[in-house]
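Letters A, B, C and D mark the chains as written, and numbering starts fresh at 1 in each.
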Amino acid sequence: MNMVPVVAVNYKAYPTAFGEKGLAIAMSADKVAREYSGSVKVIIAVPATELSRIAEVVEDAIVYAEHVDPIEPGAHTGFIPMEALKALDVRGTLVNHSEHQLKLSEIDFIIRRATAMGIETMVCADTATAAAAVAALSPTWVAVEPPELIGTGIPVSRAKPEIIMNTVKLVHRVNPELPVLAGAGITRGEDVEAAIRLGAVGVLVASAVMKAPDPEARIRELVEAAYRATH
Amino acid sequence: MNMVPVVAVNYKAYPTAFGEKGLAIAMSADKVAREYSGSVKVIIAVPATELSRIAEVVEDAIVYAEHVDPIEPGAHTGFIPMEALKALDVRGTLVNHSEHQLKLSEIDFIIRRATAMGIETMVCADTATAAAAVAALSPTWVAVEPPELIGTGIPVSRAKPEIIMNTVKLVHRVNPELPVLAGAGITRGEDVEAAIRLGAVGVLVASAVMKAPDPEARIRELVEAAYRATH
Amino acid sequence: MNMVPVVAVNYKAYPTAFGEKGLAIAMSADKVAREYSGSVKVIIAVPATELSRIAEVVEDAIVYAEHVDPIEPGAHTGFIPMEALKALDVRGTLVNHSEHQLKLSEIDFIIRRATAMGIETMVCADTATAAAAVAALSPTWVAVEPPELIGTGIPVSRAKPEIIMNTVKLVHRVNPELPVLAGAGITRGEDVEAAIRLGAVGVLVASAVMKAPDPEARIRELVEAAYRATH
Amino acid sequence: MNMVPVVAVNYKAYPTAFGEKGLAIAMSADKVAREYSGSVKVIIAVPATELSRIAEVVEDAIVYAEHVDPIEPGAHTGFIPMEALKALDVRGTLVNHSEHQLKLSEIDFIIRRATAMGIETMVCADTATAAAAVAALSPTWVAVEPPELIGTGIPVSRAKPEIIMNTVKLVHRVNPELPVLAGAGITRGEDVEAAIRLGAVGVLVASAVMKAPDPEARIRELVEAAYRATH
C-alpha cells in the first residue's frame, strides 16, 4: 500500500475534548503533523462546539467533525448540516461511529451529499460485512472498529487481527481503491504498525490520546510508528 | 432469470390489515398462491399482532413479519426477537422498510441472526447504492423502493425504470446471486411485467392490494402477470 | 387507598414469553385472577405476536400489550396502531417502559388516543419527577421503576422506599386520583406488601414471574400478598 | 405578570444561521438587547458550530444552544454534553424542540443536570398537556408551539389563542411560577403583544427573523412590542 498513512484522533466527548484542553491537544496534533508533513496524515475529529476555535488555529493537522446530520439547511433545530462544516472550512467528518450509529439511508445520504460538496467522510463500521456494505457507498475512508474493544486499551490489531484482514479483503472486493482504517483499543506505536501490516492504511484512536498524561508524546508515538511502518 | 418470480404484499398498518379483513386478504393470497403453486411465489408480510392467526390458516402463501427487532430474547419490553417468529413458524421478515428504517449495524445483526436461524430476510433500500450496500450483507432478497413513489400508484417501473436496472447492476456486482425485487407504486399487472423485464425477480406491493376494492382480483392480476413475464 | 390492588406481569421478550410457555403462564395468571376475582386485578402484558392467542383464552386476567406505536392506521410498515389492539379485544397497554422509552409528545399522543378509544394505559417512569410529568397527561396508571433495580431481584420497596413515597406524593399533587404502581426488583410477596404500604396501588413485575421455576406459584404469592395488604 | 418579557430567536439550521450571516444577526440581536437592557430579554439560540464565535462577541443578548445531549462527558462521539456549553459560557439551551424531540427521561435528565450546573433550560412542548408535563420537571421556561403552525407565518396567538391560555392555566396549576413562552408563526409585533396579553411571558420565533430581509428591524419590532405590552 503506497498511500500516505493516517493517524486519526477522535476527541469524543471526553473532558479533555473541550475548552483549553481540547485546544492544546489540537496544537499538539498540529505540531506533530508539521513534523511528518507529506509522510503521515494527522486527522483530529473534534466536537461541534470546538470546531471553529480549533479550525482557526490548526494548519497541518486535518480537522474533521465527529458527526454531521443527514439534513439540508432549513428548519432543523439543533441539527448540523454539512453547510455548517463548510462555513468553518472543516475538511471532513466521521460518520456512523459505533457510539453514534445511523440508518443505512442516512449514511447513504451523507456520503452522497458530502462528496458533492467536497467534504471527506470517514465512515465507521462494527464488522467486516458492515464495512463492505459501507464500501458500496464510496466514502473517503472506512474504519472498522469492533465495539467490544473500543476504549479497552486491548488493540484490535492484537486481539482480533483477522477482523482487520477480513475487512480489507471484503471491502476491496466491493471497492478496490477504498482505504481501510482500524480502530478499537489502539494505544501504542506497535499497534499502529501491526494494523498497517494487516492491510490498514492507518488507525482511528480516541482514549489513547484523550486520556494520555502527555497527549503530544502519544500522538508522536503513533505517528512515528505509522511512518516507520510505511518507509 | 430462471428463478421463480415473486409477488410480495406488505400489509403495513392499513385499516384492512387487521382482524377479519386482514384474514380475508390472507385467504385470498393463499388461494391465488395455490393456483400458481410452483410457478409464482406469493409472500404476505403482516402485522405482528396478526401473525399467529394468519400463519395458522395459510398454507400456500408464504407468511412474513413486517419487522423484527435487532435483539436476542431477554429483558426487551415491547420488542420482537426472531424467536417470536420461530414460535409461530413464520418463514421470514421484511427488514429496513422505508417506513421503518434501521441502523446499518442493526440490519447486519438481523440478517446474520436470521440466516443462522433459518429465517428469510427481504431487506428494503431506498436507492441503488443502498441496495448494493445491503447486498454485501447477504440477505435472502433485496427490494429497492424509491420512497417518493411509495403509495402514489405511479409505478417505479414506469417512472424510474433506470433505478431498477441500476439496482440490479450494482447489487449483482457485489453479490451476483442475490434476487432483486422492485417496489413503490406498483399497481397493475403491466407494472409487474415491466419490473421483471428490467431485471427484478418480482415486486413488493402494498396499497395496490390493501386498498383494492377486490384484493383477491388484484393479487391474481399481479401474480398472473409475474407468471406471464416468466413463461 | 381503597382501590382494588393490582399485580401486573410484564412478559418482556424473555424466552418464556413465547409459544407454549407464554400461553401456560397466561393460563396460570388467569387461574389466580379467577381465585381473587373482585379482590385483586391481575394484568399480563404480552408480546405483540402472542396477543391474539392469549387474548382468546384468558378470561379473568386482563391482557395488555407491552407497547403500542404512536400512529394512526396507514402506511406504517411494522408498527402497531391502537386499532390492532382493538381488533383483538386487548384492554390496555404498557407505555414508555424503561426498555422502550418514548418521546414526551409520543406519550401524550398515545394516552390521548388510547383514552378516546377506551384503551387503558400503564405509563412507566424512571423517576418521581418523570412520574409527576406523566401524571399531567392523565393515563390510567403510572408505574415508577428505577431502572438500576430492574431485573436485579433487589426490590425497590426495600432498596429505595423513598422513591415510591416521593412518587406518590408528586403524582398526587398533579393528579390526585391517579393510581401509582411500583416496579423494579419486586420478587416476593413481602415486596408487594411493602409497596402497597408505601402508597402504591400495586406492582409491576417481570423476571420474578417469567424466570420463576413455578410461575403460577409465584403469581399466587404476589397476588395473595396484594390481597393481604388491602384486607 | 411583572416578569421581564422575553423574545427568543431560534436560528435553527437556516442558511442564515451560519458564518457571517449568523454572526451579523447575533450582532443585531445584541444591539437591540442593549437598547432594551433591563426591560426586555433577548435570547438567541444558535447552532453548536456557531456557539463559540457568537458567545465571544455578544454582550447584552443571551446566548443559548439549540440542543444539548442527555449525556455526561465521556465516550460519546458526536454528542454535546452540558460541559461543552459551560466551556463557552453559554447561558442556556433549548430542549425538546418540536424538530428535535426527546424522550421524557432525557428531558428529565437534562433539566436536572442543567439546573445543577447553572444552565438555563427552555423546554418546548407541542400541546398544553405536554407543557404541563414539562412543568412538573421544573425547567427555567416552557415554550408551547403547536407544530402545525411552525414556520407558517400564521401566528399561534391569532390562530389558536386558546392553546396559549390553556397552556398557561395547566402549567401554572402544576408549577405556579413557571414562565410560559408561545411560539409558532409569531411574525410581527402585534403577535408578540397578543401572546403576552394571553398570559405568555414572551415568544419564541425563528423564520420571522432568520428569513427577514432586515433581521435587525424585525428583532427590534418584536422587542419593542414586548416592551409596549408590559409597560
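Quick note on the criterion: a residue touches a chain if its C-beta (ideal position, glycine included) is under 8 Å from a C-beta of that chain, and two chains touch if they have at least 3 such contacts.
Predicted model only: the values in this text are computed from it and were never measured.
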For this session: Work out which chains are contact partners of both subunit C and subunit D.
Result: none
Exercise. Between copies subunit A and subunit B, are the contact residues mostly the same numbers or mostly different, with half as the line?
Worked result: same
Exercise. Which one of the chains is farthest from subunit C, going by Cα centres?
Worked result: A
For this session: Can you check how far apart subunit A and subunit D are, centre to centre, with Cα atoms defining each centre and the answer in Å?
Result: 35
For this session: Averaged over CA atoms, how far is the centre of subunit B from the centre of subunit D? Could you give it in whole Å?
Result: 45
For this session: For subunit C, jot down the residues that touch at least 2 other chains.
Result: 98
Exercise. Hey, which chains are touching each other here?
Worked result: A-B, A-D, B-C, C-D
Seminar exercise, completed: Per the touch rule above, subunit A residues touching subunit D in the complex are 10, 12-15, 17-19, 45, 47-53, 65-67, 71, 73-81, 83-85, 87-88, 94, 97-100, 150-151, 206-207
Problem set entry | Sites on subunit B touched by subunit A in the complex | 96, 98, 101-108, 112, 125-127, 129-130, 132-138, 170, 174
